[in-house]
Amino acid sequence: MNRQGRPTTSGAEQGPTGVVETVSGHQGLALEEPLLYERGSPEMTGVDLPEVPAVTSRLGQMGREGDIGLAGLSEPDTLRHYTRLSRQNYAIDMGVYPLGSCTMKHNPRLNEKMARLPGFTDIHPLQPEETVQGALGLMDMLGHWLKTLTGMPGVALSPKAGAHGELCGLMAIRAALEAKGNARKVVLVPESAHGTNPATAALCGYQVQSIAATSEGRVDLAALKEALNEDVAAVMLTNPNTCGLFERDIINIAEAVHAAGAYFYCDGANFNAIVGKVRPGDLGVDCMHINLHKTFSTPHGGGGPGSGPVVFSEALVPYMPRPLVEWRDGGFTMEETDEDSQSFGRLTAFHGQMGMFVRAMSYMLSHGADGLMQVAEDAVLAANYVMASLSDVMTASYAGPCMHECLFDDRFLKDSNVTTLDFAKAMIDEGFHPMTMYFPLVVHGAMLIEPTETESKKNLDEFITSLRGLVAAATQGDNDRFSAAPYLAPRRRLDETAAARKPILRWSPPPASTTN
Amino acid sequence: MSKLYFTEDHEWINVDGSDAIVGISDYAQQALGDIVFVEIPEEGRALAKGDEAAVVESVKAASEVYAPVSGTVVAGNSALEEEPALVNTASQSDGWFFRMQLSDPAELEGLMDEAAYATYIQGLDG
Amino acid sequence: MRYLPFTAQDRSDMLSVIGVDNVDALYCDVDPDVLLSQPVDLPKHATELSVERNLTSLARQNTVAGEVPFFIGAGAYRHHVPATVDYLIQRGEFLTAYTPYQPEISQGTLQALFEFQTQVAQITGMDVANASLYDGSTGCGEAVLMARRITRRKKAVLSGGLHPQYRDVVKTVTTFTDDDVVINPPAPTADEDLIAQIDDETSCVVVQYPDFFGHIQDFSALAAAAQEKKALLVVVVTEIVSLGAISSPGAMGADIVVGEGQSLGNGLNFGGPYLGLLATRQKYVRQMPGRLCGETIDAEGRRGFVLTLSTREQHIRREKATSNICTNSGLCSLAFSIHLSLLGEKGYRQLAALNHARAVQLAERLELIEGVEILNAAFFNEFTIRLPRPAAEVVNTLAAQNILAGVPVSRLLPQQHMDDLLVVAVTETVQDEDMMALEAGLKEVLS
């Protein structure tokens, strides 16, 4: 029997308080991970493949010669490499992710399970239509839900992301105007717009003209009316807008736009604030993209894939892209462009982001019409609660109530040496993802907070308490805490200037040794 | 003998006869922050006064540089390709953008001299 | 509702902190006439079990590729994806993270992107690659716009070997610009002369490799001819596994390579999400669309990664941006990269060799059938056959027998008098029994 006891407390009176220099470079659970090319080798593979049958090659003279230089990992090392990398990321699954304008809500795993059913993942876009009736049926169902929720008669599912949806909508508008004989020249965009709006307008051959905002953070109706003339093709407006406010004059705006013979494009990035509560069709919108990865919870995946279906008013339905799912002769079919169609054409190969359609449909069916209404209400409630709980110490840019996100600016930091950037980076040390910074551009040092409806009140209270603590520290002059933050992340601040001056965009093998 | 002029968009132009060198002012480089890239116009390009002649980029912003007057580009400052930071460290000397041959020297009359520009930027900060 | 954590008490406490009586007071900026008081006319909320039943019944109505002899390609390919790939991309730290705009807490995504960019540059034989685009077809449109920015010329020449839907996407994105897109007729026997079409107005020539009909052509002479006229060569690769067996586009002199990366790490998914690859020469980096990840150091001198050269992008450049793109295919590119890391150089080349060998085996069987002619002198894992009957009819007959025989050319190119052509793809997932089933089925239909 081993009588030797084991100490259960540290032998030292007091353990080290700072960071310990380690031999390995790791810091306990904070594991450093080399590049794939430093861990792996060209000889290693983590996949067992069957032997290649002996055949006479029919590659012509084009067989590949020489090494590609790829590194391979064993299967265990692959798991370790990517697991270690994953732990250097912040994620919704870890904590509050209040990125305004991005809608970082909970991503239900039922959606993932449904999207992985073999009947959805393992079907080819060019299979005979009779063999994919369930897939076409799901697309039809999604289209029906989106049309009903928006009160719009047409839907195109193929756009691959929000910005692609903008392109889709604006191309339909231009096609409709050209059919009337005049494509017009200008698209009006508010100063607070997402950068994709002007970029999309330019892609459709339009000049962009900016419209001013009122002191209440909304489109200046008088200025808009003044800018409207027969050169204006469309107005692109986000509603609720990027300041988190509902455009009070939206119905008047739509009427004025239509009176000028122009179309009303609504950027639906913020639809999550009004889903089930307000139908954009009732506001006079002509087309709107819907980010399935925002309102309908499909995962952001570290930057995509997104999905951006677009709904259309009656006036634009003839110009929608192809293909469209249609019910014909007792079955679903994909309607492609034909000679007589006024459609502006095809936006992508195949039919859009099926994997995202399944996830969004799983989310919608789970919530139902009643639950989606609750989603909007809770999102708006959460944002107003955060705004009310912080407005005495931080400076809200506009009076409430807000919609699903609340906008602060940096006036509350004016007597400190802390910038919006510093403040945001200090939030990382507190265990939160920073809010959106410096957007929208219409206020100074913007901080846009979108809590979403999936944070509990307890989570919100913890977030609020931390922010109040940071504000107190900033106003009391505790500059060190901010100026070099974050201290506790996998990396300290990164040198973006150096990265841009001498871009290193790939790994390169070290220079060959000259001794061999 | 050369003469230095400034525009309201913060370009400077140093003119010697019909030959001139163009860059951005010290005030402009400070406002832009660390410069990471400069796109200089190619040789032979004809510029009208006010045309976009170059682009200067920091990490988070890109700004157009306009032709202060009309003319033809004689040469770009290739040193900026390797070392864009010259715009920060020597905006009014080694950090010049391009040389041009003026086509209408009379256009210079609308520009500011060094003293007028100093007063102008004081007004901007006020 | 299982995704909504507020209790009734929470809601009432929060409303009193805000200082309003009910939630509709927060919607006071909405015209009361359009504020809905009742849910819209759609089903009510449902349990997890019930949603699962509902969607599973839809999924069951589809013929699953893996359960039948399957030979469909034409831009999307069925490969085996190792279990490790799908497990790793479902880790919440990857799945539920946003675009890595806060690099200090996004090094996982960023380092993976840096490795992805390296892999794409290596297999295409180019200097640099971006962090991915929506898919190959939209990437093709972006490449044409990029070539225009670089050359300041408007004329793009599209090969008749280009996937018809890629061609359509290029047509769409240039509809309202003043680009001049020259579309060559479909070239099932790869007999077009593109060199003669390059002139001083040409911005780029777009070819596919292997092409839509499966042909593998050497484009070195075309690259040289383009270079002589200061035009660019854009090479589109829809089956990225092929580059493990055939020369890289970079080695032939391509200026821009566009790829569909679905074949590695990603399922067929009925057409999406996929991932677009875009690689080019170092000197064109600043004209690239999409995100780029770059290496740098942090305040303590440690290596780290950031998104860089973002002044090209819409959130800074707005209407002057290189593209309106704001997303990449993050998770799909991660799956691609993990699969390629598992394969490594050795596995990637073996996988490619296997695909080719299986395709050769099928070709050898099919060309013995009376009336069947193979059009390809050289191919990778896909080839075109001419049938004595309309291919769509043959495909439908075989589909009724649960054999998915390929893509009739007429489906993508109607009214082109190519009704007798069928494009057949073979990957490592095809077994001997599958080939025998197709052979027997074809013989029967054609007899």
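Should a chain be cited, it is by its letter among A, B and C, assigned in written order, with residues numbered from 1 in that chain.
In the analysis below, a residue touches a chain if its C-beta (ideal position, glycine included) is under 8 Å from a C-beta of that chain, and two chains touch if they have at least 3 such contacts.
Please read all numbers here as calculations on a predicted model, not as lab measurements.
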For this session: Return the chain label for which the distance between chain Cα mean and whole-protein Cα mean is smallest.
Result: A
Seminar exercise, completed: Leading the contact tally is the pair A-C
Problem set entry | Inter-centroid spacing, subunit C versus subunit A (mean Cα positions, whole Å) | 20
Exercise. Where the CA atoms of subunit A average out and where those of subunit B average out, how many Å apart are those spots?
Worked result: 38
Exercise. Per the centroid of Cα atoms for each chain, what is the distance between subunit B and subunit C, given in Å?
Worked result: 44
Exercise. In subunit C, which residues are in touch with two or more of the other chains?
Worked result: 311, 316-317, 320
For this session: Quick one: which residues in subunit A touch 2 or more of the other chains?
Result: 496, 500
Exercise. Residue numbers in subunit B touching 2 or more other chains?
Worked result: 36-37, 57-59
Seminar exercise, completed: Note: in the complex, subunit A contacts subunit B through residues 496-497, 500-501
For this session: State the interface residues of subunit B toward subunit A in the complex, per the touch definition above.
Result: 34, 36-37, 57-59, 84-85
Exercise. Residues of subunit C touching subunit B in their complex?
Worked result: 286, 310-311, 316-317, 320
